[in-house]
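Letters A, B and C name the chains as they come in the text, with residue numbers starting at 1 for each one.
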């Protein structure tokens, strides 16, 4: 009788508990399924795009400092295959700090290199692919990144294309946007674009003017991102379109990119108008040109930083 | 001890069983557009935000709005959010979706319109997606029964409008919809809880009559056409440059400060605040009904 | 095998318990008398109330704002399904004449009073009668439960005669409502700008409580006015009221024909 009651209690409790929301797994890291073979890892610093297939794992970005163990743990729940490529779409610490550890945990595709062993590229680990601007920006950082963290496959052209897991992957360099080292990575068959911090659904964009970023480049990049995506027309109410993985924040579609672009343009126009009126930077900040969006994107000092970066960009353009 | 365990078991089991009191909401419900008739139909006046509990960001966003926004190629086929059930004029079609194995109702459907996606109200206790999950046109809605009242909670909305004159709603909003049926009439009470743009929830209630005339279940497809706004342009008004801030004064004698909204504009004491500034026009000049 | 049989026995007993929970639960919730006991005395409407409407309530005007918070413009009848006769009457509205006539409360009658921005105070006058007072216009409505009927030949009044019943609710749910039917109305205005209703108008209302996102109650009243003379179809609107803890903002004021 006692045993039966314990079983009954357990069953009843599990029925009641079923409705509770699932919590993020693995200490705050969440693997969001985007497509059948594509995930976003959120909570490791910057978002990480994860493409899966019989060739192995392709990552876009590698997460922030001290997150690699969690990232590897999350990847293990998705597949036993190794990491083959890490594509860096952004040179920020949030996106490259995990390069070395994740690459070492992976396995290069170039297994037929002459000499084998030590002759394998990147010491045999996964390749780290990026536009040359990422390598240059990472090379400026002090203290220096270890050599194993630096991209070992850098390209200089505006576009690079490879094919992994039976899918075309295009990398588009976006000059002078959030920094000078931004790229978009388009997975053609998955219909997913990984955007890096050109887009951040949690805050105003960080435009690092000192590192080559500019407001004009940020707007051009967002317009490019819109062009790379397809909205779910004509069946707006039943389909989804191209998914965008921003640098931070949730999985998005074209409309979120349009909202974000519109916000950047509106605030830029407001600042430009105040500059035209002869206002100083302090007067411009006091006028609150980003007010329509302050509550949505103005976290932790982001508002004034954004206004300043626009001001500096526009003043630099004038001179 | 054994008795205590038995009583506890019975209590737990009775809680785990869904409430018996559920009613049938299915059918074609014709919208009764007697209140906010103009706002739901032809649309509200530009800059009429009377009664809206805006915060300063909400007001600033609304003032920046240009109607040309909806002619942007990226927005031509943009859909309203589920709030449009209250803000729009259309009727509702509702039907239940049974679980094919158990026969229990796993969801209630509220059919869509030409500008609003169908709403699936999940009744099976599933959780809402995480904050990292995408927001789609339908939002994500779960429902519970409170006796004969269905209470639906919608999150994961895209950005939209509380009113079709630029009063914004954000992607962080939650809409709670209460469905109450009285015979052949149904009243919906909707709360828009938006911490980005509002200081308190905005409340609308709408009534519908059950009808034998079928209401459409979904909207037509949409293809983007050229409406004169070139790709990349973002129509908006600079601060202080919105030309419609005195529209309500012009037609109704309502002072502009009232039209700019804010929670206080919805409460009775506000009447005394504007009494001296209000002059009733001699007669109705436009949209007289 | 023995373990399998044990498990089956447990599941079987569990199934019986679940069925019992389904059958017996509602009876417990409704608090009916036990088997073999004397039938309980019928509850008074006050005791049987599935929801508590008493207290102070403030109107929240987030709909039809320009028809309620200010005097609507003459000739603005948007949304009201008026007959041609009603339009003819409304077109003659003259607020100065209304004021001079002394009949200042025509837009404060039962079909319209809950549209007037102000506060309500709802109390039990006795176990059979719920009373609603308004500070705007100092009006009083009484909702009679049970078998109450107005006296034969009673005069028509601004608030008419209201009969109320409880509907729904119980079983721990808060979905109950008070349905009110009002007749014997004196002719008045649905809107302050002279949109008329006749003495043959009747009003059906549902008073119900809806839980707000913060857990506090919102009083929602759906008002359906039928008038064979002046309305082509029932005029259906709904008003909202938030609860207030005290009478601190209760501010009785006279009717006005112009404001």
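Side notes on the structure shown:
As a working rule, a contact is a pair of C-beta atoms (placed from the backbone, for glycine too) under 8 Å apart; a residue touches a chain by one contact, two chains touch by 3 or more.
Bear in mind that the values here come from a model prediction, so they are computed numbers and not experimental data.
Among the remaining chains, the Cα-based centre furthest from that of chain A is the centre of C.
The busiest chain interface, judged by C-beta pairs in contact, is B-C.
Averaging Cα coordinates per chain places chain A and chain C 54 Å apart.
With each centre defined as the average position of its C-alpha atoms, the distance from chain A to chain B rounds to 33 Å.
Distance from the chain B centre to the chain C centre is 23 Å, each centre being the mean of its Cα atoms. Residues of chain A found to touch two or more other chains are 8. Across the assembly, chain B contributes residues 9, 13 that each touch 2 or more other chains.
Under the contact definition stated at the top, the residues of chain C that touch 2 or more other chains are 17. Of all the residues in chain B, the ones that touch chain C in their complex are 9-10, 13-14, 17, 19-21, 32-38, 50-52, 145-149, 151, 174, 176, 178, 180, 182, 185, 187, 189, 191, 193, 201-207, 248, 251-254, 258, 265-271, 274-275, 278, 280-285, 287-289.
Residues of chain C touching chain B in their complex: 17-18, 20-22, 24-26, 58-66, 69-71, 73-81, 117-119, 136, 167-177, 179, 206, 208, 210-214, 218, 220, 222, 224, 235-238, 240, 249, 259. Those residues of chain B lying in contact with chain A across their complex are 2, 5-6, 8-9, 12-13, 15-16, 55-57, 60-61, 63-64, 72, 74-75, 77-79, 112, 116-118, 125-128, 130-138, 158-159, 170-172, 195-197, 218-219, 221-224, 231-232, 234, 236, 238-239.
By the touch rule above, chain A contacts chain B in their complex via residues 1-2, 5, 8-9, 12-13, 15-16, 18-22, 24, 30, 32, 34, 40, 42, 223, 226, 231-238, 240, 243, 249-256, 258-259, 261-262, 265-266, 269-270, 273, 287-289, 291-296.
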